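You will see subunit A twice below: alongside subunit B first, and alongside subunit C after that.
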Partner chain A sequence: MIEDDFYRTSSQYRLWSFTTASLQAQRATTNAVASDRVRAAIRRAQEARRSATSSATGTPVPEVDGSTPNPAKGDEKAIECLTPEEEQQTVSYYCEQIIQLGEAYKPPLPTIVRATAIQYLRRFYLTNSPMTYHPKQIMPCALFLATKTDNYYMSLRQFADGVPGDTTAEDIIAPEFLVMQSLRFTFDVRHPFRGLEGGIMELQALAAGQGPPAPHLAHTHTHTAESLQRALHALPPPPNAPSTSTSSSSSSSSVTDRIARAHHHTREILKSAAQITDVYFLFTPAQIWLAALRLADPPLAGYYLDTKLGGGGGPAQPSGEATPENILAVLRPKLLRTLADCAAMLQAYKPLASDPERMKTLRRIIGKKLYHCQNPEKVHLGGAAQKRIPAAALAAAATTTTTGGVDSGASESEMERLAKKRKLETAAEHSGSKDIFGGELVMQRTKER
Partner chain B sequence: MPSARDAMANRGDDDEVCPVCKSSRYLNPDMQFLINPECYHKMCESCVDRIFSSGPANCPVAGCHKTLRKARFRKQTFEDINVEREVDIRRRVMQILNRREEEFDSKRAWDDFLEQREEIIANLVHGTDVAKTESDLQKYASENMRSIRANQALEAQEASSFKEQQTHEQELARLRREAAKQEYENERRELQASREDVLSRLAAGRPGDAAAIAREGKKVLLKKSSARRSEEDRIRQKQAALRNSDARKAGQGGLTADKADIAGDSGLIKGLKKIVTPEPEKPYDPFGGMVPNKRDYYTLRDFYPSSYLDPIRQDTRMQAGGYDLQEYYSRTLMEAFAGLGCFIDEEMAQRDGAGSLGGSRPDATQGAAQAAVSSTGTPEAS
Partner chain C sequence: MAVSPLIPNPASHAAKTTDATRESEVNSAERSPYKPNMKYSSHVTNEREITEQLNDDVRHKYIKDKRLGEGTYAVVFLGHLRTDPSSFVAIKKIKVNAEYKDGLSMDAIREVKYLQELSHPNIIALHDVFSSKDQNLNLVLEYLPRGDLEMLIKDTNIHYGVADIKAWMGMLARGVWFCHENFILHRDIKPNNLLIAADGEVKLADFGLARSFADPYLNMTHQVITRWYRPPELLFGARQYSGVVDIWSMGMVFAELLLRVPFVAGNTDLDQITKICEAFGTPNEDNWPGVTKLPNYLPADPNHVVPLQGRDFFFRQFPTAGPVGADLLMSMCTLDPKKRNTACRVLQHGWWTTEPKPTDKKNLPRKIDGIKKMGADLTRRGGEIEDSTFKNAARQLNFTAVRD
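Then we have the complex of A and B:
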């Protein structure tokens, strides 16, 4: 299908799509790495405090790996890191915060900007832990970045005014490069919103008897504009929609109203559940909006899928060659299964605010636990960020002490990483080929830093 | 030629007598002998006129029954009649087997061809296997009519261009010679004029100035001659450059003589280059086989009823800027279905499986994590 190939070229497909397992593994890795770092950093900070007078802070602390066995087992207990689940909850909380923050502006930020910001935040915390970078710092930055990438211009001052607390403009853009880097500089987020508009548009056309059948079904004669219209009008009324406020008189109202209602519900789902859950990582936008439509109005969604993929009556011939009918017949059950998965995930979502119990535990996590296991070397983002951008290195002198600490912590794992990367590269390239001077350079570069 | 004629003049008696009419040069000093390449029997001009004026007739020499025509009679070029005959045969064979070196695959094939040609010539000259060789030759000639003719035309062209070039060069040389002569003449005249000038000035001036005038005159002379010399040098250089460029042009002309259309491999000659006719170019397809605007999930329509979009159609403020609802339709519908059939679960698992050669995928994600946590490096795309 040509539309699928179109999606396969997107960075969302190439870089930001995962299986359930790989997503979990990714989070676990991030959490493990970050926990090791946090423990090491806190220990270093304590040691530095202990020997504040004599030893210099710049000397690298001798350690083999993230978890050294010997120095002080008491500390190990004291530092209690977040689990991946707790991290995810924290991130989700701040995602909801983005929605509220966007609401606070006058006029409120468009949904698409907020949705993009949420996805940025979620993508950011795939490879970073809240323990390393506090979401409180990253969240406004992600939102500000989203206003830029989604072409919704706002001056930084204007934006900073809307952010609660005494956040300055500098605080907001301090982690900007860091965020962009973690996003791998892919700013394109494929949202299901516009797709929903397209689908609703086509449904309205079908209701008016102007809907053309899908290209692969046009020749079957069972699909004509009139027959489709008749089928649409004959649809059974939707069972009670998830939100019950408007469903009282659904049977009597016209099809157009029904579509409009489904549109509204679907949009609500996409705005909330689709953003906070992992569906963006696991499904494509087309699947997301169709799953949401299925939640809002199951018969309508089923009917719409039938117009696209043909009814379930067509027997699948697995042995036959790849005729369009066969492809559709193979596609259909698979797609239905995927949509069901996606819908289940969307339905399982409950907004945090509606659940005071969860809210309470979350407050405890963020308030206490996260406070205690925050990486002390990453608190001052300004220094770290400016170190990355040489042009903005004016304030480097002010942050030398912090960066010194960061260096000693980073260099060893960094060295290890680079060495590993190099090894892999050479192995992939050609085992026999020697690159002269290569290893030397990397070692030097790491030492310098 | 003159030497040949001299030799002929000094020949013995039997040469001087026409074998047909037995008249001798002694009686008829203007007598000329003619031969016919059919049988190479010699006879005098008057005999040819006498016997063949009224149409083809048999050779008058006893035992020779060839039918000869008057038109083919010609003067003998070589003293030895065998040489004459061989030259004729050679010319004829060469005309038929006129392949050129560039038509052959390799030097070896070309050499083989040359040898084969010599062999055919030798066969015809010495009379071995004449019938077979002759038939081969005829067959080849009829089969390769076109290429033979093309090569002949090429040869003629080359010959004519060569001749042209030669006359051109001669002309140039003549012009140069004339110019040099002119130059010399001018120089002489000027010398004379200046001398006269000095003399007249000496005659007119006072006796005390004599030495000064003479010195001045000499100086003027020197200056003039040096100026002339430099001028000459310049002209000569120019001419040399011109000549070089001419030669180069001529060379190129020879090279770019259009290649004749060659018929397919003949049975007689081996090692000819295969003639590759380039495939006719297909019409250019800018989409590379894709059908533009082909969609698999939906058919785009010109109009979709929508209470929200309909006002835009009438709104001149929207339309004035060039806003086209079609664009909106196609984009929303494309996004509605882009990736509907992408099953990320499967495809990512497949990709991870394929990409795990050396564990690149986990490494990449870990690398990204670490790069983001630590303070260096951009996280590389997997």
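Then we have the complex of A and C:
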């Protein structure tokens, strides 16, 4: 049984790996379903409000006072929903927030916990839309769940203390079941970090002349520990090398330093770009760290691959014999193409927070657009009254409102309350407040730094 | 399905035919819903969220029958596939712990997390997970009606020989090897966590204490593994350890199968250390470099120093195993964890291929009614022993200490 076979039994491969097309299709479906429901739910809310108004007064009066928006006007105005791209940007923003929120704990939450939480959030939003469940409610829950699944135990109370704002422990834990269900009860995330550590240890050994050649290449005698060591020391410097190493003395310490620098740089890519892009859905952990190493130090990554793939001599012999050389010759271009694709995706990533233009757009998406197309029937998710919200009960509530007639007074008043709240908040928004969306917690901190 | 490459397991294919139909149904339903037929959710119903629909589909596949057992932690039901009343499953419903305010308990999370990743003939299969209306977690597990190894060891009416032990130990070794190949430590191997399927296959169960290997230099808790099966490094408080903690437990199961009583059964952790030293020798810097640096290491009473036991001790103590078997047992019970055999080395040992050959699993001694026992085993929390004196021996995980 080879490593690939092990990986194929993992839930990450079975449930959470996609092709570019299937990933896109999945998101489009989720978006379409959610948009339909949001429109229906908002219409129902308006209906409810109108009937509440008319039953209260006894006569069909369109407006009582300023607190109730004109329903006719609301009907005319089409409900504008988020596009799949806007949803994705919104989710990415909250993924970046996980990194920052994790940093705020003392001591900071381990990288692996944050990375797992980000992948939970990204997996969650493959079948759920931010319009249905606002990421600011789901994000802390995903992070807390990750502390549990990744053996970094802290109590909910302790965790909640680290979450800025007035988020209570109950708010955080309320969507846990919903999150777990959306993760389809698979909690294991295969990260590229451990593979990177192994690769770096191998490179360090090779630099010291202690790296035996790969067993399938040993018979060619072109690879020996000494020849591998010489080749490593003779590598051209990385194109982005700092100018300090211009002396270019191929002393063993400079190679060690180079490996250490590549290690650091690769890790940074894995902590940021690899988390926020789609690479976990599209590539394996090994492909991800190798692609990141290629960005950090291309000659070093090429050298490392050669120690496994044997230098890529000539094309496959047409005889088609299954010699190790032939197999590697077929494998090599395929692997390099995959790594190039993955590297391109990693390289294209720019942190949202570093880009004021995109932040502005995002603020419009989350602050205004998402605000108006938030499914009103799901907003009470983190409500203080409820402890753990059964997903089933939520759905049942939605069903009763829909199947009509049985509208409970409670849900009507809930709609009223929401409408009022929305009105108030809209006013606040216009008066220039910046805290219109959940992003405040991290945005302010970033500014302070 | 993964089978260890090291030991051929010819019988496993035949055995799987009984499971095959059930599994293919479970898997095809489980693996496909995302991919092309995603649209069904928008057509079928416009009221349910996609994930709820998926959950309902899974839940609907099974019918719960009678209750098999109930513990503080879970209730186990007999169940079957709606489409095939003869395909049994065990449905383990995790109870919501009212005292635990932090969401789903760690035991349940661990069990679900690791069983989702492990698919092997010697590890209990997790067919599905779904939530029921009251927001309880339900694990659909493989139906293992023939009890566990503890039952066979204790039942004096059952006679078994070294060929049977070889078969059971072989299945255990392959299951443990597979966990370790997947970087998972079981941390609670003992006879009543080794359940037996209808066809005689031994299955490693209860992953409530399992975890993935920690990254180098990261600490783990030493408060794991039921005491009698706990290796000396954990008793000495080691915070960094490897898969060989499970190998020690395997060695203790091996010894217990041979003797039909637990081999080193301490009443307290301290007593356990004493008994281990009496049995295998007193650890010191010569036979176990670094042992004196372990946090809970206690220097031995100079008047009671037992020399490290050699091969002949094991020959004498375990004559039924034969010299090669005794050698394997010794390699599993080496005090120094660095010198103890890994799961892979255990599988490469010569004992498996020396006479007598392991018993074919359909001919293994069996108890007829093990269903109740399965119910009891599956409702127990990891680390629990029925005997109330030892209750929760390993359960009090000191989580805060894990992180320093």
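Definition applied: the second predicted complex is superposed on the first by the 339 of 449 C-alpha atoms of A that agree within 3 Å, B and C clash if a C-alpha of one lies under 4 Å from a C-alpha of the other, contacts with A are read in each partner's own complex, and residues count from 1 in each chain.
Throughout what follows, contacts are C-beta pairs under 8 Å (C-beta built on N, C-alpha and C of every residue); 3 or more make two chains touch, one makes a residue touch a chain.
Values in this document were obtained by computation on a predicted structure and should not be read as measured data.
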Touched partner set for A:Phe6, first subunit B, second subunit C, both or neither: both
Comparison of subunit B and subunit C by subunit A residues contacted: B
Partner chain in contact with A:Arg37 - subunit B first, subunit C second, else both or neither: both
Which superposed partner A:Phe177 touches (first subunit B, second subunit C, both, neither): second
Which superposed partner A:Lys271 touches (first subunit B, second subunit C, both, neither): neither
Partner chain in contact with A:Gln210 - subunit B first, subunit C second, else both or neither: first
Touched partner set for A:Phe144, first subunit B, second subunit C, both or neither: second
Touching partner for A:Leu331 - first (subunit B), second (subunit C), both, neither: first
Partner chain(s) touched by A:Arg294 [first = subunit B, second = subunit C, both, neither]: neither
First, second, both or neither for A:Arg261, with subunit B first and subunit C second: neither
Footprint overlap on subunit A, comparing subunit B with subunit C: 1, 6, 14-15, 22, 25-26, 29-30, 33, 37, 127-128, 132, 178, 181-182, 184-185, 194, 197, 388
In the complex, subunit B residues that touch subunit A: 290, 294-299, 301, 303-306, 309, 329, 331-345, 347-349, 352, 357-363, 365-379, 381-382
Residues of subunit A defined as touching subunit C within the complex: 1, 5-6, 9-11, 14-15, 22, 25-26, 29-30, 32-33, 36-37, 40, 112, 126-128, 132, 144-145, 148-149, 151-153, 155-156, 169, 173, 176-178, 180-182, 184-188, 194, 197, 388, 390-393, 395, 398-399, 402
Complex contacts: residues of subunit C adjacent to subunit A: 2-3, 5, 31, 34-36, 38-39, 41-42, 46-52, 54-55, 101-104, 106, 109, 112-114, 116-119, 129, 131, 133-135, 137, 181-182, 211-212, 214-216, 220, 399-400, 402-403
Residue numbers on subunit A that touch subunit B, as the complex places them: 1-4, 6-8, 13-15, 17-22, 25-26, 29-30, 33-34, 37, 127-129, 132, 178, 181-182, 184-185, 190, 194-199, 201-202, 204-205, 208, 210, 212-216, 218, 282-287, 289-290, 308, 324, 331, 334-335, 338, 384, 387-388, 403, 406-407, 410, 413-414, 417-418, 420-421, 424, 427-428, 449
